[in-house]
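Heads up, the next two complexes both have subunit A, just with different partners, subunit B and then subunit C.
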Partner chain A sequence: MADDRPDKEQSSRPRKGVIDVLKAIDRRIIFLLITLGVVLPLIFHLVFSVRTSPIVQAIFDKMESLPPGSKVLVSFDYAPSTVPENQPMAEAICRHALAKDFKVYMMAVWATGPPQVDALVTNVIERDFPGKVYGKDWINLGYKAGNQGLINAILLDLKGMYTTDVHGDPIDGFEMMRDVQNLADMSLIVCIGSGFPGVREWVQFAGDPGRIPVAGGVTAVEAPLLYPYYPRQLLGLMGGLQGAAEYESALVLKYPQYKEHAEQAVRLMGPQTVAHLVIIAFVIIGNIAYFGERSRQKRAKKA
Partner chain B sequence: MAHTFELWIGALLTLMIFSFLYKDNPFYKFAEHLFVGVSAAYWMVIGIWSTLMPNLVGRIAPNALQGVINMPEDAQPQYHFIVPAIFGLLMLTRLVERISWLSRWAMAFVIGFAAGTNFTRYLQSDFVGQIYNSMLPLVVVSSGHVAIGATFSAIVLIVGVISALIYFFFSKEHTGAFGATSRLGIWFLMVAFGAAFGYTVMARISLLTGRMQYLGEWLATIF
Partner chain C sequence: MFFKVQIPLIITFIVGAALVIAMFVPHFPFYEANENFSIYFDLIAVFAFILGGGNLLKIHGDRIWRKGRDWKYSIVTVVGFLAMLIVGTLKIGGPPGFTGDVSASDSWFGFMYYSMFVPLQSTMFSLLAFFVASASYRAFRAKTKEATMLLVAAFIILIGRTPLGHYVTGWLPPQLQFLHIPNLSNWILSVPSMAGQRAIMIGIALGIISTSLKLILGIERSYLGGESK
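Now for the complex of A and B:
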């Protein structure tokens, strides 16, 4: 009697079909496959070509159209948590601006911005533009508290808010600050941001009231919220790693001498693509399981 | 040496956080609590040295902070900053129940300032500006020819805006042509949500890639 119990249980238990297996996939298997999807392309240096979309090309074209000596303000409004997305954008923009001999004004409305400026100085200025002079070709104004209130204030009086640079040296002592009074003196504002305050606030408090061209580079999460401002309020937008990679592609196409260091985001698009394919595969599997289960329930009802 | 030490700390904390993907465990809890504590301390220090000192103490008594924070050497005391200092102190009255009502004065000032500053900007950029952005020519002509792609985009945008607005219009029953347009609005909203989800995935994978690169850098120091 006791011997035949397992057989009885087996026969009474419904056989597991494909649908049941798909429905019961352990989430850790998904995590593992996504990790492999990211790590393997990194190890094997899988790189895909990236084509620049019009919304990113618009920023590049604007930069190209400005004459040497133009003033470009770059605001570093992000934290270390979004560096993989934001830093390539900031570096591509600054590399382009310095290659075009623009005056680059760096600042931050996020307290976590200045360390990212330091990283950019090491990765871009010291490496590719050692001849550029601080205070003449580029300046770091540092972080000031005030969020959108700060943008509102410097729209009318930049020197009133920034009496010193990030190192505490008087602002009037720098050659490139002598003919700057407020944001209206800037030819272009580029905000690299990942939240509030960010690109939206630069549009609201500087671009629209001051009629100053504003471009943005944001994390992918934020990008869909900012597309409605393009093209009339925002001249272009780099959305996430893809946006950064597109700008880098346009930059390297025009300035191939920077290819070695200027393709950070392009290199990261390999893992991005493979991981997306893994996720798409699981979305399809999830849908197969869902519709399979639904048709099974319908069949069961009919029976 | 210092960089290697930082790398080890960062890598071990990353692995502790990632361990949650397997299941909750004490290592994850430790890293999570450490993050919360360090963040709180970091923002407190930033608040004191980036806001309170330069914007308040440095304005009222600049000589007291010379050599301590970045200040112009010729900075003069601006005594009218005592007014925001008093408002700031009023905020602290919330800690004493009997006089906590005084903090409302400071809150009223903050809310009034924020509402007044933001109102006009939002009205200009997000209300009028967005209406203006939606007013596009339905047929886009470029170099004497109809630009098919731009025309299609303009039509999709206009139809999308109108149908999505109709979906949120609840003063009329969603039946007949009105209901059909409303259902079309749902489709546009679903496409927008799908695009937003796709972007979110891209953002998360980017962060994961960044962490993996960091771990790779760490492993390179070991092997």
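Now for the complex of A and C:
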């Protein structure tokens, strides 16, 4: 539509400078660029190689040091919202544990945990370890209410709280449960969590009082809160998607036979990297606009 | 008055004192008391679901009845809650009975969980990325020295927590490895950030000890529905 306002009015309107444009970018443009930053790397399979940091390597080394038949408890304390970060950690840990012939005990102190165990069974056990027997090599104890109270209770008496498995079958009927009384019988506890109750509670109510090694996997947001426990109370920590990708890299390096299915976090690091770059770019643009505006105001004051 | 105030105070004192002693004396009878109290706690925690559900229905039901602020959203909450509760409790579509498997392939609960709850939760969490980007652009400014330090630390963490960090500064000679971005990122998380976290944690722990002592000794009584002494 043609602008029919007089030329005089148009010329009196202040012209927008670069600074004005930079300081008022429409948020829909930001949203669009974040979308492209995530979608394009997925479409074009942008994959980076990931190196394992010491805090993640510590978990891998601990798992490697345990003899076959060791008991490893994995707690699924997260909800579907954080599955992209947490599920690859849980799957990498369980894949490693089953590859090493450990006994894997799965449970949850979050009500949303058991469906994640089901997903893991489909993605890891049925696909890579079809020969592993339920009740002999791995078991799903399911969810129970009680938060840290539950952890405290099973530290003293696991079978008192878990009389049946997730399907309602008596716990004593399973071969791998016969010599388990409480958490002290576990060689390692791995909590994959994203809040309360989570890794902190496993350290405070199981690891410390029971002198049981505890490792964790948490969302990137939560990871800095748990650094004070590392390395004395928490032997290692996977922080966010990067932590999961680091564990997968260590796993694939040692067990290349699992490369096809064990690199989901590594594949997701491409979109995450580009999204981080987009955020950094916008922070820089915002600061250029801020300093440009400030120097313009100073010049105006002097004039 | 005796049953409403004195009895709960006596129970709180006995349970609190026994659990504190059990922490330091893991022998009979305190060890057993700790175990039993933990089981009682788990039993009580189950009843918290009933209280939570009842409270949710009361608050949102009241808002719908009064047509209070955003009452239409309360309808969605109540309908969603009741639908999941009924379908899950009655095991509609799946094996019948209270002990029926809610995750069975024909279960309506499984369908509602995987087809509604999971996508809704994932969507809500995914939106964070967009808002973080927009908020960072508008608010993350190097206005002061402290803000500048925060900004630099954020850049290092953002790059250091991706494989990009290794590519950007991977060429640095061994004597300058402390400037390698992943190393800087780890240093920020393990030293300054951790120092701050420890200070916060110690402060919280002291607060919890103080509040717990007040509860055990009956000084703090607001949980009984009255005022503190």
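Note that the second predicted complex is superposed on the first by the 298 of 303 C-alpha atoms of A that agree within 3 Å, B and C clash if a C-alpha of one lies under 4 Å from a C-alpha of the other, contacts with A are read in each partner's own complex, and residues count from 1 in each chain.
Heads up, the rule we're going with is that a contact is a pair of C-beta atoms (placed from the backbone, for glycine too) under 8 Å apart; a residue touches a chain by one contact, two chains touch by 3 or more.
Note that the structure is predicted; figures quoted are calculated from it, not measured.
When the shared chain is aligned, subunit C comes close enough to touch A:118, but subunit B does not. With both structures placed on the common chain, the touch criterion links A:282 to subunit C but leaves subunit B unconnected.
In the superposition on chain A, A:53 makes contact with subunit C only, not with subunit B.
Applying the stated contact rule after C-alpha superposition, one finds that A:170 touches subunit B and leaves subunit C untouched. Of the two partner chains placed by superposition, only subunit B is touched by A:143; subunit C is not.
When the two complexes are overlaid on their common chain A, residue A:135 makes contact with neither subunit B nor subunit C.
Contacts of A:203 after superposition on the shared chain: subunit B is touched, whereas subunit C is not.
Within the superposed three-chain model, A:42 lies in touch with subunit B and out of touch with subunit C [touch as defined at top].
Once the two complexes are laid over each other on the shared chain, residue contacts for A:160 go to subunit C alone; subunit B is not touched.
Greater residue coverage of subunit A by touch, when subunit B is weighed against subunit C, goes to C.
Shared interface residues of subunit A, touching subunit B in one complex and subunit C in the other, are 31, 34, 38, 81-83, 144-145, 149, 152, 167-168, 209, 220, 223-224, 228, 239-240, 242, 272, 275-276, 279.
Of all residues in subunit A, only 28, 31, 34-35, 38-39, 42, 81-85, 111, 142-145, 148-149, 152, 163-164, 166-168, 170, 200, 203-205, 208-209, 219-221, 223-224, 228-229, 232-233, 239-242, 268, 271-272, 275-276, 279 touch subunit B in the complex they form.
Of all residues in subunit B, those touching subunit A in their complex are 21-22, 43, 46, 50-51, 55, 69-73, 75, 117-118, 121-122, 124-126, 129-130, 132-133, 192, 195-196, 199-203, 205-210, 212-213, 216. Residues 25, 27, 30-31, 33-34, 38, 48-51, 53-55, 79-83, 114-115, 118, 144-147, 149-150, 152-153, 156-157, 160-161, 167-168, 209, 220, 223-225, 227-228, 230, 239-240, 242, 245, 269, 272-273, 275-280, 282-283, 285-287, 290-291 of subunit A are the ones touching subunit C in the complex. By the touch criterion given at the top, residues 23, 31, 34-35, 38-39, 41-42, 45-46, 48-49, 99, 101, 103, 113-114, 117-118, 121-122, 124-125, 129-130, 132-134, 136-138, 140-143, 151, 154-155, 158-159, 161-164, 166-167, 182, 186, 189-190, 193-194, 197-198, 201 of subunit C touch subunit A in their complex.
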